[in-house]
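Look for subunit A in each of the two complexes below; its partner is subunit B in the first and subunit C in the second.
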Partner chain A sequence: MADLRPFGASPESGARERAQLILVAGFVIAVVLIALALVMNSAIYTENLATRSDSSGATDAVVYQRAVESAALEAFEYAHAVDGGDHASLEANVTDAIAGLDAVSTQQEARRGHVPNVSVAGTVHGTAIIDESDDFASEEDDANWTVAGGISAVRAFNVFVDGRSDLRERGDDEFRIVANDTANADRWHLNVTKNTSTNEIVVGVAAGGSFETCRHNDDTAWVNVTAGTVAGEPCDALTFAEGVSGSYDLEYRNGTAVRGHYSMVVDDGPGRVYSSPDSGDPRTEDALYRMTVDLVYRTADLDYRAKIRIEPGDHDG
Partner chain B sequence: MVTPSADRERPVVSVGVPDRGQAHTLEGMVAALIMLSAVIFALEMTAVTPLSASTSSQHLENQQGATAQGILASAAETGALERAVLFWNASGEQFHDTTDLGYYASNPPPNDLGRMFDRSFNSRGIAYNVDLVYEGAEGDVRTKELVYQGRPSDNAVGAGRTLVLYDNDPLYDDGGAATGTNVSDTGDYFAPDVSSGSVYNVVRVEVVVWRI
Partner chain C sequence: MDDRLRRPAVRVGSRGQSTTLDYTLSLAIATLLVAGLVTAASGLVDDSREQVVRTELEVIGEHLASDLVAADRLAQSSHSTETLTMTRPLPARVAGSEYTIRTESAGSVQWINLTASGPGVTVSVRAETAASIADTGIDGGTVTITYDPAADELEVSS
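Moving on to the complex of A and B:
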């Protein structure tokens, strides 16, 4: 210990006060250092909290929306697969399903202070057109015919092409799928032909004055017209009804120049109902073209709203 | 002759003061160090483990929370989450190959979801619990443990995902293949059918993750 007394001062003349002073200074420095460490730590902690993205429950809202999207899609598919009735019955089925989902999940989310609400905002009626008969001709066995007239959208349009017989080389008698908007003179078409020298199925798309092709080297191919794939591979040229903006007629040309089957859902009555199909004819079924689900998700800091559009196989999505 | 001798003493005092100032400063610092040492010693007395709260733990919490959220999201998209929830042994009335207690413990569920947890957590010394929250027959909220590895620490983080089961969803066998039995066909599934429509039940899969 250093001499705390001024030189020559007696022990009674204030030495004790100065020793205290030094000790207090030591305390103060120690406290300041600890306080600094605390301030640093709390600054880091604050930054950590501030950069957490889900402080308001926004992540929960988006996660919940995604869960509702997949659940609503499943409800939509369930209704078509299991119910299979008319439009009113399909609507009742999906509305019941969404109401059931809402009732149970609201209770679960409420435990965490979040209040969701899910309801069916509306549905758009549609018609499924299916032909599994190995034949692209009409009910009256016409090769050139209108599959659905005055429609504005098609979803889940799948064509299975069997190239082992009947499929033609490119030319006037090739098989074509045409989206024909006569009012605006817009026209889009897709042809399916066979290149016999390379044994390829060739899908050609004519849109906006250009013609491009996608090829598949096999005897058969699934062409997903609305998804834009040929045998599962993306086909860049294939964008359904590109350049056709108004309502249009969906037509087949040279339906006898191809073997296979097809299915689609159009967003309106097809203009006609294929009521008494023979084994080789297309048939129609009532379907929902689209369902819109309203989602509201509330937390203490958040009021999140979204519209979910369920439209499986839609070419826009 | 007292006064002259007193005059001689004063210059000595003024020469000695700067040395003592340094000494005082040093003493102050030493006192501070002693104080800090005492604080550190006190902190060391309380065992600092990986579970102790610290700044680095907060960042780890963020990372583990995001990992859990990511696993659930990707499992939900691939259907692995639904298959894991329906990975039910109807005759044994529990999940396939669980412990006697009816849930998975140190070994993850032998399915895609379990493998995802295994890759992300088990190999890094991170523990997790997976709870299934569903609606009971009386409209109450119930919890079924799918994986239970212990009581979470103070640094645990959670993530959840809502999953809707439909009447026609199949149960899966211990190889992960769909059986012919739908969830609504068996009365032995842990969750009851709570909706008159096509919805069977809504299961919220909640994951709690912490470092061990």
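Moving on to the complex of A and C:
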């Protein structure tokens, strides 16, 4: 190793001649090392930053939103299942249920410093139309009739078709469900027929000038008209009232050409007409078509407000 | 006779060599060594700093992208989101230098470009959201993500 005594100095000369170059170099390297330490500090901070997870509460908000949606849907369905009263009674039932949900969830979320709020913003009145009498004819036994006139929305429209009798071949006075908007000359229809050679129940849909079918190889079938399924299987062709934008009449054609039962909930638009506005065949009951829930979720870094629409069985939901 | 033949004793270390040359050579070699050492050390610091800035920009970009995706998921989860504002405290400087955040849409793909002015490092992070992201440019620091329900658009602001 090199001798570190000052340049040109003899061992006898003592420490009077200082090594400026070494000193300056040492100082510069010290500064460089400090800079390196600061950079390494930034690197450690970066690693620390990388391990931080979501702190804004956005994930909690999504979870809360889903929980509220699910609970509100259950409250809505429960109210219809147990209440059976008029619109005011149904509204009171769902409003109470949502207020209860709000009280419980506020307490739970407050532990994490989050502030949620949920309340019923409004409801749309509707009417449930149900026929369990094994035919699709009107109260006066008309085969061609209007189930509900002047409506703009239908949800939870389920039809059970029994193909063991009456169900016709296609074109032979087949049973049809028609959404007829006479003001705008828009028309959508669905027919249910039977292919006797293959023993299939055939659901045909005519929308926008095209006609497509879905088949089910059994004697009976549930057709969920608004959900677009036949016997539980998705039917791509089946989109309820496709191409009908205004208010329309919901009609049955050749209602005597099919056996089974049906149920639906229609909205109470202005000028709606029911063929059978009583407890006859079919019977009608007060129902809520839709409930809108206001949701607020706040954390230190998040402010979220949304409206949740509860509309079970809606075709566009 | 014996006295004439006796030669004076020669001191070791001062044979045929000038003091000036000795001094100059020592100084030159030492300067060369020290300069090399300082250059190498400062190069190491510069390299490390650039690497740290790049890593930190990547981390910040990923955080911002994940926030945008989380905000998007929340905005899309209900039928009608009315207000959505999310604040994220991000560092104002990376390894001592300021940086800028630019959001950019290239077709259906959104990019977040982060540029640090000091070492001139740019990092791009991809964010896939259902809502579009408004093209903006802001300085680094605490950012606010806002959702515009009318335009179905997310905006990043400072």
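Rule of thumb we're sticking to: the second predicted complex is superposed on the first by the 251 of 317 C-alpha atoms of A that agree within 3 Å, B and C clash if a C-alpha of one lies under 4 Å from a C-alpha of the other, contacts with A are read in each partner's own complex, and residues count from 1 in each chain.
Keep this in mind: a residue touches a chain if its C-beta (ideal position, glycine included) is under 8 Å from a C-beta of that chain, and two chains touch if they have at least 3 such contacts.
Everything numeric in this text was worked out from a predicted model, so none of it was measured.
Colleague: Is A:306 contacted by the first partner subunit B, the second partner subunit C, both or neither?
Modeller: After superposing on A, A:306 lies in contact with subunit C but is clear of subunit B.
Colleague: Just to be sure I read the superposition right, which of the two partners does A:79 touch: subunit B = first, subunit C = second, or both, or neither?
Modeller: After superposing on A, A:79 lies in contact with subunit B but is clear of subunit C.
Colleague: After lining up the shared chain so the two structures overlap, which partner does A:124 touch, if you call subunit B first and subunit C second: first, second, both or neither?
Modeller: Touch partners of A:124: none, neither subunit B nor subunit C.
Colleague: For A:58, select first, second, both or neither according to whether it touches subunit B, subunit C, the two together, or no partner.
Modeller: Touch status of A:58: second partner only.
Colleague: Which partner does A:101 reach: the first (subunit B), the second (subunit C), both, or neither?
Modeller: After superposing on A, A:101 lies in contact with subunit B but is clear of subunit C.
Colleague: For A:38, select first, second, both or neither according to whether it touches subunit B, subunit C, the two together, or no partner.
Modeller: A:38 sits against subunit C, while subunit B stays out of touch.
Colleague: Report for A:67: first if it touches subunit B alone, second if subunit C alone, otherwise both or neither.
Modeller: The first partner, subunit B, only.
Colleague: Output check: A:50 vs subunit B and subunit C. Expected answer is one of first, second, both, neither. What do you get?
Modeller: Second partner only.
Colleague: Please work out whether A:143 is in contact with subunit B alone, subunit C alone, both, or neither, and reply first, second, both or neither.
Modeller: After superposing on A, A:143 lies clear of both subunit B and subunit C.
Colleague: Identify the overlap between the subunit B-contacting and the subunit C-contacting residues of subunit A.
Modeller: Of subunit A, residues 7-8, 22, 25, 29, 33, 45, 52, 59, 66 contact subunit B in one complex and subunit C in the other.
Colleague: Which residues, counting only subunit A, touch subunit C once they are in their complex?
Modeller: Contact set of subunit A toward subunit C: 7-8, 21-22, 25, 28-29, 32-33, 35-36, 38-40, 42-43, 45-46, 49-50, 52, 54, 56, 58-59, 61-62, 65-66, 69, 295, 301-309, 317.
Colleague: Using the touch definition up top, name the residues of subunit C that touch subunit A in the complex.
Modeller: 19, 22-23, 26-27, 30-31, 34, 37-38, 41-42, 44-45, 48-49, 52-53, 55-56, 59-60, 62-63, 66-67, 70-71, 73-74, 77-89, 91, 94-96
Colleague: Touching residues of subunit A toward subunit B in the complex: what are they?
Modeller: 1-3, 6-8, 22-23, 25-27, 29-31, 33-34, 41, 44-45, 48, 52, 59-60, 63-64, 66-68, 70-71, 74-75, 78-79, 81-82, 93, 96-97, 99-101, 103-105, 107-109, 111
Colleague: Under the definition above, what is the set of subunit B residues touching subunit A in their complex?
Modeller: 9, 12-13, 16, 20, 23-24, 27-32, 34-36, 39, 55, 58-59, 62, 69, 73, 76-77, 133-135, 139, 141, 160-164, 166-168, 194-199, 201-202, 204
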